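Comments concern the structure below.
Residue numbering begins at 1 within each chain, and the chains themselves are lettered A, B, C and D in the order written.
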């Protein structure tokens, strides 16, 4: 394949938006248990705004797409997830190097830059029970699979599986960042909402790239 | 018998206090349906205060007893029932003519003076769904029985039965006085709390006078 | 029942201790449950007395102070205070110009205030006048009922008469003014939920999740009718229509619009309601020149709201704007 | 869910329309959801900006006006506003002396205000400082958490800094003052019930009739621990003890005691709580010189309360007493 093109990336964001919309109540229910019951509404409001600009004026290349996605999320989400997801996409933009379609390693590097942005902004470490616990193992798995020569679709599948595992592993963790940290020990036993939405992001990527390759 | 003596009248008030205490929640439940859920608490507070002065400094004669009962109720009950029950007893006092024990017709006249006071204060007519609907038929029955030559105990039994019937008859009435009147048609189908406590007052009288005669 | 209290029987007494501790500008007679302006009686000024059952906070004690009331009597929850309290308060706020009783129209309150006036007349030489406030249009056919309830109108009546009393107006002038503000006011309320009287321990009535009560008072009682849960837009219509049908509010300097929270309704929702109410008034050509939004006359933990409209003329507007310093309403000082 | 609203998605927008209609002394930018003092920017004065999620009314818009804030940004219910709003507001309240961001310590609010400051720096030449308010002692081990939440301290911080800003103090002086008031303040809250976020439509958590949450924040979240329903007396102890354990409140001019209602708790109960709290402070030799009792920082329709103690020195006391004219706090003007 000639890398992930702009259309596929837009399909990725649309697929993510669709699964966020579908999982909205589930995400909010997770946030009700250890937070303030708005993660589903927050992410859905943001991704609906992203879909709206995709419909109206789809950006011309991946850098513009990521930048506008990041800006839109920052502008429309609020809360903790707005700056974090916003930063993730804002940092991905320059990492594309202006390419019209992203080679697998460029896509992976862009995602890594995004994660670094999330960590820089939120200061969360692995094990703090946040979205980082889904994103970090996912990007490690992606890098490892690409290094092992696997095609992007397979590598993203591995990344998505790792994100799911990372998400599941947040359940027994004690939260140390975000609102859930206020609960102390009582945060144990609940799955982190942000890790859950992050796993949806990886799953959407795996699915649209697999479709692109199949097409 | 030599009329209702001061001791019996005090037993009457104590018996009324006891049944109000026992029926407190039931009276409040009736008031919750068409009023503001305080009639049981109001009457219980007032009658407990009456019992307290009976324990501490029992008045020397019926006039003093009724006056202090009336003043105590006015001072401690509040709401609509405080002035009404208070006035009932305050008006009974002078109607005793200063007697140490009340002949049946004097007792009946005192009660009638009390009812007149209630009507003067509250302006309720028969059928307005108030305590008057229990008190008025009761005193009519009392007068009729005494006129027919029945002994006081029997006559009070008849009065108590008439109060009970009057109380029951408030259920289908549309309230025109007090809080229940705000409900309009919706007051229909509920028994009036004040008529219910008034029926307890007559029942207590019938019971203590029967005991006095039996003794 | 989940409430912040110790023994429900002590609720009013303990809450008054809190009022006393929190407000050095007030004086509390605990035995008689009277709350005074610390500087009462104000010499030469007509004393203004109100009061009623507890559970309506900030009414009534929240409206004592310069520019408003001189004292209030507190009853048990939802139960009128008693004549002795009122007579004692009347005596103590008489600065030589008489005392005006501002009475919320409920059978119990009216009868107790009547008896208090009789007592005061018998025991002292204080001149007492009483004005009964009765603004609630939910009570129709007032000839066949205890008459319209006193609800939100008490706030403009007490505020405006309070300002006029500070100017040194006479007892009869103030009584006329109170009647005028009352006549210029109409209210209508609704409940999303009932409330729990602590001594009872459970809600006064049950209201299913999909129904509301229209035409309630301020005592947790059921209203005039039960309707399906509706949008704020439709609820505003159900409140404003009967108010406007009952009185002409055009003309004058405009109106005071008072959207009152019943206790448990967040301000976020009250402002949304105000938006709906203001839009309806706009359509009717009625001009809100002053606004009050918030929980002022509550019914314990009831969720819901009421709307009071008061027509203002130039004089009433000036008196509304005059300085006031109470726990519940304060400006200009 | 029973609430006064139309579409839950429009709640914040429609409520802001109501705020605009009810308060001619405020100006509302609906597109950006910013509420301003109508006369902002005040030339020569440092602009004070705060804000946060909606659902805490009267916080935040209730504290805009002379002597307090210049603007606030409103987020969705319980969701921090976004950097664009904050940057826009910052620009518009800069009277030439810079802008102070008073930030409630929540991850989202802090990150969004950070980004706003970056934006403002990039787009304009406004000097911005930010002070984070974090007074909630329920959050222990703050090294291993997002840090203590900002709760009731915001009221004294915003009031005192607002008064100082009117005096023309510089941005850095005001930032120091804000930090000082924050450092002098500690809070602890509890919930009798959860609350219902309209977009969710059911309570955030379930709390059985016989249990309460101790150590809650202001977002309807569960607290630090769940305990059996207790008397007001015992609850006061559970709130006051950790506050006093965390900081010495003796000395100075005394303290400001702020008993805050979470939204659905009647004032009758709040005054009773104040009585309990004051008794405990008395025992500890702490002198309340100023008091605030009422719903000021709410959590929608949550029942419960929080206690905030702020140590006042002579300067802080004078600034607290200085005139203020906002919808939520007003005196001296």
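Simple rule for what comes next: a contact is a pair of C-beta atoms (placed from the backbone, for glycine too) under 8 Å apart; a residue touches a chain by one contact, two chains touch by 3 or more.
Fair warning: this is a prediction, and the values are worked out from it, not measured in the lab.
Asker: Starting from the mean Cα coordinates of chain A and chain C, work out the distance between those two points in Å.
Answerer: 55
Asker: Could you tell me the distance, in whole angstrom, between the mean C-alpha positions of chain A and chain D?
Answerer: Spacing between the chain centres: roughly 32 Å.
Asker: Counting in whole Å, what is the centre-to-centre distance of chain A and chain B, each centre being its mean C-alpha position?
Answerer: 76
Asker: Among the residues of chain A, pick out those that touch two or more other chains and give their numbers.
Answerer: In chain A, no residue touches two or more other chains.
Asker: Chain D: which residues touch two or more other chains?
Answerer: Within chain D, the residues that touch at least two other chains are 77.
Asker: Which label fits the chain touch graph of this model best, line, ring, star, complete or other?
Answerer: Graph shape, chains as nodes and touching pairs as edges: a line.
Asker: Return all touching chain pairs.
Answerer: Here the touching chain pairs work out to A-D, B-C, C-D.
Asker: Tell me, which parts of chain C touch chain D in their complex?
Answerer: Spelled out, the residues of chain C in touch with chain D are 1-6, 11-12, 14-19, 21-23, 54-55, 57-58, 62, 77, 192-193, 209, 212, 229, 231-233, 235, 263-276, 278, 288, 291, 293-295, 298, 300-301, 303-305, 325, 330-333.
Asker: Could you pull out which chain D residues touch chain A in their complex?
Answerer: 53, 75-84, 106-108, 111-112, 114-115, 138-141, 144-146, 149, 197, 199-200, 204-205, 217, 219-222, 224-225
Asker: Can you list the residues on chain B that touch chain C in the complex?
Answerer: 28, 32-38, 41-42, 45, 74-84, 121-122, 175-179, 181-184, 186
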